[in-house]
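Naming follows writing order (A, B, C and D), and every chain is counted from residue 1.
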Amino acid sequence: MGIIGGGYMGKAHAVAYSAVGAVFNTRLRPRLEMVAASTRASADRYCAEFGFARAADDWAQLVRDPRVEAVVIAAPQATHRAAAELAFSLGKPVFCEKPLGASIEDARAMTASAAARKCINMVGFNYIRTPASQYARKLISDRVIGDVTWFRGEHTEDFLADADTPASWRTKGDSNGTMGDLAPHMINAALALIGPISSVMAQIETVHKSRGGEPVTNDDHAQMMCRFDSGAMGHMFFSRVGTGRKMGYAYEVTGTKGAIRFDQEDQNALWLYKAEGPEAERGFRKILTGPAHPDYAPFCQGPGHGTGYQDQIIIEARDFLEAIADDQNRWPTFADGLAVSQVVEAARTSNSAGVWTPVQGD
Amino acid sequence: MGIIGGGYMGKAHAVAYSAVGAVFNTRLRPRLEMVAASTRASADRYCAEFGFARAADDWAQLVRDPRVEAVVIAAPQATHRAAAELAFSLGKPVFCEKPLGASIEDARAMTASAAARKCINMVGFNYIRTPASQYARKLISDRVIGDVTWFRGEHTEDFLADADTPASWRTKGDSNGTMGDLAPHMINAALALIGPISSVMAQIETVHKSRGGEPVTNDDHAQMMCRFDSGAMGHMFFSRVGTGRKMGYAYEVTGTKGAIRFDQEDQNALWLYKAEGPEAERGFRKILTGPAHPDYAPFCQGPGHGTGYQDQIIIEARDFLEAIADDQNRWPTFADGLAVSQVVEAARTSNSAGVWTPVQGD
Amino acid sequence: MGIIGGGYMGKAHAVAYSAVGAVFNTRLRPRLEMVAASTRASADRYCAEFGFARAADDWAQLVRDPRVEAVVIAAPQATHRAAAELAFSLGKPVFCEKPLGASIEDARAMTASAAARKCINMVGFNYIRTPASQYARKLISDRVIGDVTWFRGEHTEDFLADADTPASWRTKGDSNGTMGDLAPHMINAALALIGPISSVMAQIETVHKSRGGEPVTNDDHAQMMCRFDSGAMGHMFFSRVGTGRKMGYAYEVTGTKGAIRFDQEDQNALWLYKAEGPEAERGFRKILTGPAHPDYAPFCQGPGHGTGYQDQIIIEARDFLEAIADDQNRWPTFADGLAVSQVVEAARTSNSAGVWTPVQGD
Amino acid sequence: MGIIGGGYMGKAHAVAYSAVGAVFNTRLRPRLEMVAASTRASADRYCAEFGFARAADDWAQLVRDPRVEAVVIAAPQATHRAAAELAFSLGKPVFCEKPLGASIEDARAMTASAAARKCINMVGFNYIRTPASQYARKLISDRVIGDVTWFRGEHTEDFLADADTPASWRTKGDSNGTMGDLAPHMINAALALIGPISSVMAQIETVHKSRGGEPVTNDDHAQMMCRFDSGAMGHMFFSRVGTGRKMGYAYEVTGTKGAIRFDQEDQNALWLYKAEGPEAERGFRKILTGPAHPDYAPFCQGPGHGTGYQDQIIIEARDFLEAIADDQNRWPTFADGLAVSQVVEAARTSNSAGVWTPVQGD
């Protein structure tokens, strides 16, 4: 493996590829071959700390290195497209962190490039991979809660809630705003759980318009109402100023025969209500994930013992490796990442125009 | 007291006026003088069961009765306006259940009539009177959570979630739909907690379009995004098909320095987050209501011992009696009920037009 | 009705007898005839505030008054026995607050007196009357959770957690200590839910041995292990220094086929786990009380709308009135109160002796 | 590393030693050198699956192998002592899963052997290593909740709740019963959080006395009251028949100035109550673990993102490696494991004798 970036996600992927073989008994056993970072010093540090064989201060060097057989892009959005395109041109599989590039054009180009070169490609929507959310998907598609009538999702955190936090790269550029950074996770969840979105009506805004005297040029929070192709009605909210919320990736799905609730802040529990049995015994049940749920057993034989953030990345790594081994893409591919970007794009248009806006396929 | 209606709410008010004196040591000590219902038989039954002195099968007879000094309207929306107008013409105070009349015209006329006759008037938004929600109001107005940036409210129940429930009066007529029946409670909460709403963007729909072969002519669920005068952004959702939700009157208020969460299904708890103190010690705290919170102590000296639905109606009765004793209106008056109806009206317009719609004052 | 005491519980009963007729359509319709308190001034104040016809500064005067047809004792433990015995000697029904008298001898004498005179008698264990706890009883006796193997109960509050709270009558005398004051509620619950207790092993202690220089002569917290006649194992804990707990009347019942959890701090929810159905769907379900649960519907037609502390006292009042109307005792009688006192007694003996101690019947 | 056992815990340790270097940037970078199992076939399978270099079907071969520099014992209790003693005789550091050996004699011998040979030794109490429980320890030792007055702990699971589960090695032998298998984790927590236990009063029993016709010879659940050296009172409960509980490692600590609650089923939350500030604002706060809490940051930079079961084992591996690197034991050593075994022993004695039993140091 070659991993571009050794920050928050670069490290997470390095750990994941160290552990994934032992956890999932994968056919391919990855080696941490090379890490790239923006400086030589940091690349060397990551190399030593995470246990890579070699370091590069240039992502292109990493992508081109013959011993790097697969590339993980865990660097800022601006690098995604060029790195992916180069890798595809060399026929190498690429895993790219969300969102897919810095713009919808990037997402389109990256998806097209992957398709043209028929390379394995995957985008990093990790939260949907918890055993609980995978199981929620299954319950919904098995129609345990009947027809879905309502979906409410949010991805809320509070890392910029404090007005005194100074401006930084995070407060500049669309792709670093809430719609660029947080929304994709929950939009992806909506698409995975309920299906395609036909139109949206959004409101996007900057709460703290300047920080430390510097203007903030991207959005702090945003909401959108949406209509799914299935007819279901929905709403999503995204915020990086959601005081008190730390990992507010949460959703509620209401169906004609039941309902599901989930909150990533208690990621090992899924709440299920079934409209069956005597009225007096009905209620939301708190299901603790365990070996009976998707991808849990390899982590622990005991139910309720729990998986965590890092484990999502390990599941992701397993899927990427298996896709490579099978030479067969696994969900979510770049095309799925692009579908998310299309919803984001429609939301931006809707916000400007103040009207319901259809989501454009490509 | 004279109470029009002896059903769900008629009984609740009858119990409330039986108990309110002992609970709150009110200056006025009400007598259950007369109850009116749509039939003689039911009126007589209510009279005996709830302990009224006399019964009437005609609301006008009750309103006109000289020994009825104050009128509570707890009959369907269609009776609200005429009963209130008659009472005001006789100079009698009126408490009217929400919503104010069957249409915005009714609400306007009733408010005008109350003002013209300078009669005491009050509208029945009981949920906002729990100790927890009163305390939430206080926390927000004391700026404990800073500037409010986001409000999310819902009023969700599931009494019509089952598609097999047959059509009835509930499934006919705007004022019995979700926007007419449930939305007013949460809109009132939004106005009380955050302040006036300047514009809304709504989506209103009927999920089960026919029941037992009969068409359903009002809405099952609805959502709206809103902008408050203060600049805060908001969202509300209302549903009578919210499978699993029994009393889903719930809200979240995010501010720059804290946040509040409340769910009526656990009405004795208020969740408060304050962005202060060491990061490691921060978290939403679950405050159990007790004597330190508004209107709790008269019910019980012990914190955490809890109040219930009926107690809200007793608090409401206290306010109505005190308003009469002082000849000074107490919140929420008909004008406040009208303000709610104006938001509902704007939502209906927005839903039809598909655009953001300003809320029109009168 | 005549009510002895107008404090915490005296008021609660006054409110309850004002409301009970309207709520439950009881055959007997009580009148608030007379209230007694320790001083003339306070008795007069209670009389006016709660709406009694007359006041007495002597409980014996109240008991003897010919228009007082039933007596509620809501004064301190020291008055219970004499007041009850006098009432029984006059053939009057008596409702007595828990615990039954100031000592086990009192409890025995009161029970014997009630039996000898064949008078209606009831003891005030209100918490077990919530719809949730009544339903828990039913679930257990219907064997929904199979054979009970384990019971854990607690009654914890924190009104004396602060070491700086000065000494008072509460900190003196066995019957005002935690074993006298709080333990009876939960012991009664244990007996009601699981059945008779055969033996106990207890530990009773005073945490803050002096307050403001004055010695504390009763217990702050206590625990006991117990064995039920059924063979089930159990544990109870009682505390008035349980920092953070406001109404910690909570229990967990584990059975061979399921489990139940309840906490009075969220009194409208009962948690039920059933070991049936696919493993992946199992979990504790949070059942919100509603019209499908015992004694809920008369308070409100809507599920999840909730009852509160005062409503328990109303249910209790209904039972007392119905017992009188039928001339047939209803649970829990003085004999049930005595059974609780016997467990308390065994716990005290066990604590002193440091060994398992059988619970002595009388 | 050489790991004895490739089952539940053997795998967990294999994964942990694969990941720990990248997560914690440890000085020592372990290699998965050899795995031993009870058969050649299983050892070979583990070797391939987890990525070991070599396999052994004999633990002694593994311990003696010169390239195995440190030994992890993750095989059944019966192997612990002999394996540890052999390793110490060769001067190798040993990590041993809980409980320490199959009997208190084993625990004593192992501890003595470690001391005699001055070898690094550690025992596998992983649950206390979550960021939440480490933080709870810190809060208590920083006296944030004042003096501890009450501790309640439980370790409850339901893997043998079903009476139809057949007898197996789990249902035979003291060290596989609840006191042997589950109790040590929570006793260790009690010692870590509150301090030494001076005496206990226990009740230990077998709920399902036979399974599939075969007698069950060890305990299904057990409870004990205890007195800590500090004077605090406590209670613990352990069960493998705790229907509905999956990972019920839970505790409550009450102090004079606050309280703490924790439940491993929601391992990323710690509940803290502080008796300070206005009464109206007090409540248990739900603190989500994050980078501000011990050992969280290396797993994820985002608070609330969560750690899981496997991460505890990684933290444990870090401590073992650091102990080796420093040639300085880290908590918990074999001596700490022995202290736990001494409490278990006192509990067994108490259960037989029916009296309070002092915990014997060695």
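Following the convention adopted for this analysis, contacts are C-beta pairs under 8 Å (C-beta built on N, C-alpha and C of every residue); 3 or more make two chains touch, one makes a residue touch a chain.
Going by UniProt, the chains are A, B, C, D = Glucose-6-phosphate 3-dehydrogenase.
Because the structure is a prediction, the values reported are computed rather than measured.
Peer 1: Between chain pairs A-C and B-C, which one is joined by a greater number of C-beta pairs in contact?
Peer 2: B-C
Peer 1: If you average the Cα atoms per chain, which one ends up farthest from chain C?
Peer 2: Using the mean of the C-alpha atoms as each chain's centre, the farthest one from chain C is A.
Peer 1: When the C-alpha atoms of chain A and chain B are each averaged to a single point, how far apart are the two points in Å?
Peer 2: Those two chain centres are 41 Å apart.
Peer 1: Which whole number of Å gives the spacing of the CA centres of chain B and chain C?
Peer 2: 34
Peer 1: Cα centroid separation between chain A and chain C, in whole Å?
Peer 2: 53
Peer 1: What positions in chain A touch 2 or more of the other chains?
Peer 2: 245, 269, 282, 284, 288, 290, 303
Peer 1: Which bits of chain A are touching chain C when the two form their complex?
Peer 2: Touch list, chain A to chain C: 135, 269, 272, 278-288, 290, 292-293, 303.
Peer 1: With touch defined as at the start, can you tell me which chain B residues reach chain C in the complex?
Peer 2: Residue list for chain B touching chain C: 8, 11-12, 14-15, 18-19, 21-23, 25, 29, 32, 48-51, 157, 159, 245-248, 264-269, 288, 290, 299-311.
Peer 1: So in the complex, the part of chain A that touches chain B is made up of which residues?
Peer 2: Residues 145, 149-150, 152, 158, 161-163, 201, 203, 205, 207, 221, 223, 225, 227, 233, 235, 237, 239, 241-245, 254-259, 273, 275, 282, 284, 354-356 of chain A touch chain B in their complex.
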